[in-house]
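Accompanying notes for the structure given below.
Per-chain residue numbering starts at 1, and chain names A, B, C and D are given in the order in which the chains are listed.
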Amino acid sequence: MADTTETTPGWLAPDDLEQTRARMPILYVDAVPVRVDDSGEVTHIGLLLRIGPDGTISRTLVSGRVLHHERVRDALLRHLEKDLGPVALPRIPASPQPFTIAEYFPTQGVTPYHDPRQHAVSLAYVVPVAGDCRPRQDALDLVWFTPQEASSPQLQQEMPGGRGVLLKQALAHVGCLG
Amino acid sequence: MADTTETTPGWLAPDDLEQTRARMPILYVDAVPVRVDDSGEVTHIGLLLRIGPDGTISRTLVSGRVLHHERVRDALLRHLEKDLGPVALPRIPASPQPFTIAEYFPTQGVTPYHDPRQHAVSLAYVVPVAGDCRPRQDALDLVWFTPQEASSPQLQQEMPGGRGVLLKQALAHVGCLG
Amino acid sequence: MADTTETTPGWLAPDDLEQTRARMPILYVDAVPVRVDDSGEVTHIGLLLRIGPDGTISRTLVSGRVLHHERVRDALLRHLEKDLGPVALPRIPASPQPFTIAEYFPTQGVTPYHDPRQHAVSLAYVVPVAGDCRPRQDALDLVWFTPQEASSPQLQQEMPGGRGVLLKQALAHVGCLG
Amino acid sequence: MADTTETTPGWLAPDDLEQTRARMPILYVDAVPVRVDDSGEVTHIGLLLRIGPDGTISRTLVSGRVLHHERVRDALLRHLEKDLGPVALPRIPASPQPFTIAEYFPTQGVTPYHDPRQHAVSLAYVVPVAGDCRPRQDALDLVWFTPQEASSPQLQQEMPGGRGVLLKQALAHVGCLG
């Protein structure tokens, strides 16, 4: 998961974040960026190509922490702008109901999701984006896949921590799981 | 409910429609048109002012039948364009999961919904619209209300057949029920 | 899909049903029977082994039409009792919101779902069953599978008309898609 | 919200909890206990009568924190057993998808939900309970209301922090909002 070690007063300093991570579930959001046609049908799914702290390359979704005193929909917007750039024009869902929650455990096997650093609970949303996507920061590239391509086992194996499972759940939710 | 007595071959002639209505549940869609801000939060709800066959004036949602060999998302798009005009730019949801189903019975009291003409089962969606709305056909006018205004008992009493209840369910789904 | 050619007055005679099928979408329900543990987690999925009108053997879900003046939850209960017997103790969901809708088209390729006889739109629910299941009528047998087994491509190929896709969507919805 | 200041190693000591509350959103669950009939329809909603730390009497839902390394469905089960007793037989939903999320802010007016102590984000579920409910601990009493009674403005005013709004959202979700 992308880390957000902001320095704004009132937010957690890196040391405090480490301490808290050992003792509480941390609230995240996961967003699956999609292109849709006029009838709302998903035509493409956007996946980020990312280099992790240990140099490994992987595909992932837009993801990050919800901060203190931040609404979930504002966290979604912030992480989408951070990862896709300022003119991606994401259409944050009107309803706060996530299509699922992904529970990332530091221990493997409790759920399909795994994060060695922490216990994170992520609210997952499908977010249509209408504008130009220009990945920045630690993201290398954004690649668009058809639902059929996104359903392939090979691509899902490139998504660590159970994000391949989460992608399949998103495809199932929008009726595009092949 | 708005009637759709199309004359295209393969669709039902008015007489056949009457016969079928007496013997099968008829599939409908209901759409709640909304304006949203950049974070996806609903700022306004659009209600149609309509004159029924008997001259009564009422407020209602965008609503209509799903036709033979028509996808639900295409039915939504067709009825939104019919009621809101060609440049309303509705954003049909990516997921086919309705926020609820409304079961309109010809008998009152079975459910909160009632349609004296038929047993209709309607798939209900909240649909953000981004463009200009220009009601046409049998619609008189489209009026935008804030969520607070839309929650008022007075306004909901102007919505016959249980549509006031459906509006409240939509407001609850998007987190705007006051 | 299992046919329901009841002879009760007010329902459709077989001939009328054929006529209507050619001209309107027919409303169905699909139920995925599951066993759950105390924490609500799905441990097993029940699939019916069925002989179709043409003698082919296939696995399928509990499925059938919604009748005139029948609530969706009553249709679910009726079809579950018909296929699983009178002491299956199905727990019909409190919410009428289906986890998805499956649009079966007579033409292949419009959606993942296909029914050569008709255009059917099915409201799909996951239904925990707590009692003894004793399939009757045209059902041959009910077999329980673990979520892992139910996710296997082999098993899903034994489910015609796109029901394998619907099963995967159900598994995704309950967080059990491997 | 009911507090959970457990002393088990690995969980937060009260002081640490206070510190963390000032700097991160805290993950909660809210459960609306309901009685359902054989068709799954909600017949009654259970509300707790509770005495808060300041002596005020209020009605509330089953609610509490999700602990480190605890699954959301286990947190739901734990809080339901704590508030309703060991033989309430709650039927935790098979799907982890909440019907909504409630964002409690320490500042009033950001959302309909308010918690002066913290920024809490709660995953909200409707949970049918089939057994005997015997409230214990800090709960005074559990009272069952019909959906019509639960929809009354008077009762909802007895639910502080926006829980009346959350109850209305639950009623809307199960199709029982009058």
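What we mean here is this: a contact is a pair of C-beta atoms (placed from the backbone, for glycine too) under 8 Å apart; a residue touches a chain by one contact, two chains touch by 3 or more.
These are the chains along with the protein names UniProt gives them: A, B, C, D = ADP-ribose pyrophosphatase YjhB, NUDIX family.
On a predicted model such as this, the values are computed, not experimentally measured, just so you know.
Engineer: Since subunit B and subunit C are copies of the same chain sequence, what is the angle of the rotation superposing the Cα atoms of one on the other, rounded to the nearest 5°?
Structural biologist: An angle of 180 degrees brings one copy onto the other.
Engineer: Looking at chain pairs A-D and C-D, which one is connected by more C-beta pairs in contact?
Structural biologist: Per the contact counts, A-D leads.
Engineer: CA centre of subunit A versus CA centre of subunit D: separation in Å?
Structural biologist: 28
Engineer: In whole angstrom, how far does the Cα centroid of subunit C sit from the Cα centroid of subunit D?
Structural biologist: 33
Engineer: Show the residues in subunit D shared as contacts by 2 or more other chains, in ascending order.
Structural biologist: Residue numbers touching two or more other chains: 71, 95-97, 99-100, 111, 173, 175.
Engineer: Within their complex, state which residues of subunit D touch subunit B.
Structural biologist: Listed in rising order, the residues of subunit D that touch subunit B are 100, 111-112, 165, 168-169, 171-173, 175, 177-178.
Engineer: Give every residue of subunit C touching subunit B within the complex, in rising order.
Structural biologist: Subunit C reaches subunit B through residues 10-12, 16, 20, 22-27, 66-72, 95-101, 103, 105-107, 110-111, 119, 121, 123.
Engineer: Subunit D touches which residues of subunit C in the complex?
Structural biologist: For subunit C paired with subunit D, touching residues are 34, 36, 38-42, 71, 73-74, 76-77, 91-97, 99, 126, 128, 173-175.
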